[in-house]
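Labels A, B, C and D are assigned to the chains in the order they are written; within every chain, residues are numbered from 1.
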Amino acid sequence: MIIPLPHVLLFSLALFGIGAYGVLTRRNIIGILISIELMLNAAGINLIAFSKTTALAPETGQIFAVFVIAIAAMTATVGLAIVLALYRARKTVFADEVNLLKW
Amino acid sequence: MTRPQIAKEKNPVFGTGILQGMWVTMKNFIDSYFKKADQGGIFTIQYPEELCRISENSRNFPFLVYDAAPDSPRCTACGICERECPTKCIHVEMAKDTAGKPLRKPAVFEIDYGLCMNCGMCEDVCPFDSIFMDRVYEIAGRDRTKDMLIGKDALLKPNAYFQKIRPKDAADIDARRKAAEAKKAAAARPATPPDAGGTAS
Amino acid sequence: MNPAMSFLDSIFVNLKLWTLNLIGHFLPGWAVILASIVISGVVILCLGPVIMMYLTLLERKVVGRMQNRYGPNRVGPWGLLQPIADGIKMFTKEDIVPTNADKVIHLLAPIVIVVPALMVFLVVPFGRDMTAADLSIGVLYFIAVSSVTTLPIFMGSWASRNKYSMIGGMRTAAQMISYEVPMTLAVVPVIMMSQSLSTASIVNAQEGLRWFVFTPWGLAGFVIFFICTVAECNRPPFDLPEAESELVAGFHTEYSGMKFALFYMAEYMNAFTLSAIAVTLFLGGWQGPFLPSWVWFFTKTFALIFAMIWFRATFPRFRVDQLMGIAWKLLLPLTLVNMLVAGLWYFIPGITGWVGAAVILAVSFLGLTALNKPVIPEKRVYLLEN
Amino acid sequence: MDILNFGIKVGIYALMAGTLVLAVGVVTLRNLFHSALCLAATLIGTAALYLVFHAEFLAAVQILLYVGAVVTVIIFAIMLTEHIAERSVAQRNRQSLPALLGILVLIAVTGRILLKTPWAVNPATVGARVTVADLGAALMGTYVFPFELVSVILIAALIGAVIVAKKEKSS
């Protein structure tokens, strides 16, 4: 390892925090999806960093990072399909305007 | 509404149409190196080096014909062409000798190629078979008043040139002129022709 | 191989080693490493644009010949200086930015598009030991980097604020994503057989005349890969994103001068690198008898580029539904069958495997074409309302 | 070699900082298209970080799938719904400040835990180079069940996306 592990973890923590902030504050659903991608990415960095330093088998983390990427791709496709359907039905992409099920 | 009948596919095997199309372009590519223009090769003409073959009947701007020497043209400065020209692009002045007596040849003969519309009226009306339509086309100029105004010296071209560019017309005209001259000579054999120098060929 | 040939074969490698030795005499070790990177980088950075310039000339000449014309032949002997004249023209043209354009992205798009186009050169094996960086994931690197090309096209089309650009960008997205799938899957059999992702070892696996294209799965894979290649670099007949007759110029409608030149450059460099990768994967790369390795490589690559130009001169443009149909309904299933066939061919030795593989491929191809009968759209009747 | 090492180290930290700046851009930029582009740049930065950890395969997959596919799909969706996301419309809800505070607390606490934890670095793992073949063997061996599961979910997502986004035929 050329740089210490905690630094990498801090970096991915910051990335995760930024993503979470985006999820909490964005109104646009596509914006929320983008922020979720950031958070998943932070998880991927963590997996890789651990697989390089503390893992028992070096490939474990990479395998799970592959899974994370696959899941992220699915999130994007299904989420965006829902956004498009929503846009077609209600002419909006803002999360707080989709409040039909709100009490 | 009935659906339009689609023509039966000519190629039974999928993909042969594609290959046929590709063969057409490939043949063109190969032919462009090995075949002449009329056999399917390249027919582009490389302009400044080689010029277009112009058909005999092509016409554009008028010029004057002389027989023996440029200072004795067929033109008699009668001014018919000047009068008949629809765009008035011809300007003729008759030459005068030192005594002020008019000679039967032009002193000034100018055609404004910028005005000329290539109608060929001058050629039709000329009674002396002097003015004909030329086919030069590399006459671009930078100034439309100066460069397009063509003077007598540039307009005068020998009969040989006329025979070269329009051999059929030139032969007809020469034959007619010869016949007319012979008739004239036969009629006035005792006397010397008044303008022998001008029209003898 | 006689000594003269081996000298010619490794002339560029030796030149670089000699230069590095010279530098090693004067400078410390880290500078030599740096210089090694810089030399390869500079060669690639020069090679890319030069190849692009002469590809434009080649294309214009060949298309001209196919249309019974000469093509450019005025500037310099045989028009050899024409690309330079074009370059000067591009440099001196006015740079127009639309008023409503997103200025920053409009500027960034043509710059960004050149980066992946140049980066792909890194893994191209130009000859024996002539790969700039023999990455262990070479082929994947190539696929990954070339997939980024969609992004700058999107940037350009969106930032122009022009409906033609927008439609062009949308079409690009659909087309490039669709054709990436069969392209990647067509590579899989090659990776299965050579058991490596590195371009250099893939070429080494095709030693002698055992090029992958001479096997049933290799031929099918090559054809599929090449079709996808043509589609990936938006060349006719897959040039819907920049269809002149429908979309003016597609995503680069609003670009002029040097920015347009950069788009153009990226396109031609992509055409070159994609052909080069096709050669590497299926046509044996630099392998070949008698001639130096790099001569073989460039001969094969330019043969493929010639084929691309040939397509351009021959075929009319696809319709959008046909384009998508070919990618998803014909090429994708065929690549899946091809992977299976490659496995069978590997485990059934001798003539049985060959014939079996060929038969399976032919049958699945015919079956797929039969299933994909061209749809004749219903004739539309527009009733006038009264 | 010291200078080279130092340079690489500085480069890595600069890469991290740049990636974070771009990530901040992703969540703060008003124009969604810009933030999607920032996302692409962030993902490329992360891929470069993967290279630092000698995970070349992951880096390539990251670029191929994220930048090549996911970001493209996102931009596609942005373009299709674009005229809604105009400048005049508020792009952020009213919980900015609480969210910021909460995130800062989260980062502070977790960061402290991170720094305090004695990480058991496995020297055998640090030295190991994972090749693509190793990954393939692991995927087809130890992890074959999750692998198959992911492929099933992928198919489900594919079909689901098509069904959800399909335009219903007007009767």
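Rule of thumb we're sticking to: contacts are C-beta pairs under 8 Å (C-beta built on N, C-alpha and C of every residue); 3 or more make two chains touch, one makes a residue touch a chain.
What you see is a predicted model; the values in this text were computed from it and never measured.
Peer 1: If I average the C-alpha coordinates per chain and also across every protein chain shown, which chain's average lies closest to the global one?
Peer 2: When every chain is reduced to its C-alpha mean, the one closest to the whole-protein mean is C.
Peer 1: Compute the distance, rounded to whole Å, between the mean C-alpha positions of chain A and chain B.
Peer 2: 81
Peer 1: Report the inter-centroid distance (CA atoms only) between chain A and chain C in whole Å.
Peer 2: 33
Peer 1: Centre to centre, by mean C-alpha position, how many angstrom separate chain B and chain D?
Peer 2: That gives a centre separation of 77 Å.
Peer 1: Counting only Cα atoms for the centres, state how far chain A is from chain D in Å.
Peer 2: That pair's centroid distance is 6 Å.
Peer 1: Give me the residue numbers in chain D that touch at least two other chains, ranges are fine.
Peer 2: Within chain D, residues 57, 61, 69, 73, 76 contact more than one other chain.
Peer 1: Is the chain-to-chain touch network here best called a line, a ring, a star, complete, or other?
Peer 2: Drawn as a graph, the chains make an open path, so a line.
Peer 1: Pairs of chains that touch, anyone?
Peer 2: By the stated definition, chains touch in these pairs: A-D, B-C, C-D.
Peer 1: Sort out for me which residues of chain C touch chain B in the complex.
Peer 2: Spelled out, the residues of chain C in touch with chain B are 62, 65-70, 310-311, 313-315, 366, 369, 376, 378-379, 381.
Peer 1: Where on chain A does chain D make contact in their complex?
Peer 2: It comes out as residues 1-3, 5-11, 13-15, 17-22, 24-28, 30-31, 33-35, 37-38, 41, 44-45, 48-49, 51-60, 62-63, 65-67, 69-74, 76-78, 80-85, 87-88, 91-94, 96.
Peer 1: Can you list the residues on chain D that touch chain A in the complex?
Peer 2: The contact residues of chain D facing chain A are 5, 8-9, 12-13, 16, 19-20, 23-24, 26-27, 32, 35-36, 39, 42-43, 46, 49-50, 52-55, 57-58, 61-62, 65-66, 69-70, 73-74, 76-78, 80-81, 84-85, 89-93, 95-96, 99-100, 102-104, 106-107, 110-111, 114-115, 117, 119-122, 125-126, 128, 130, 134-135, 138-139, 143, 146, 150, 153-154, 157-158, 160-162, 164-165, 167.
Peer 1: Sort out for me which residues of chain C touch chain D in the complex.
Peer 2: 29-30, 33, 102, 105, 135-137, 140-141, 143-145, 147-148, 150-151, 154-155, 158, 166, 169-170, 173, 176-177, 180, 195, 197
Peer 1: Okay, in this complex, where on chain B does chain C touch?
Peer 2: 1, 3-4, 6, 14, 18, 21-22, 24-26, 28-29, 31-33, 40-44, 46
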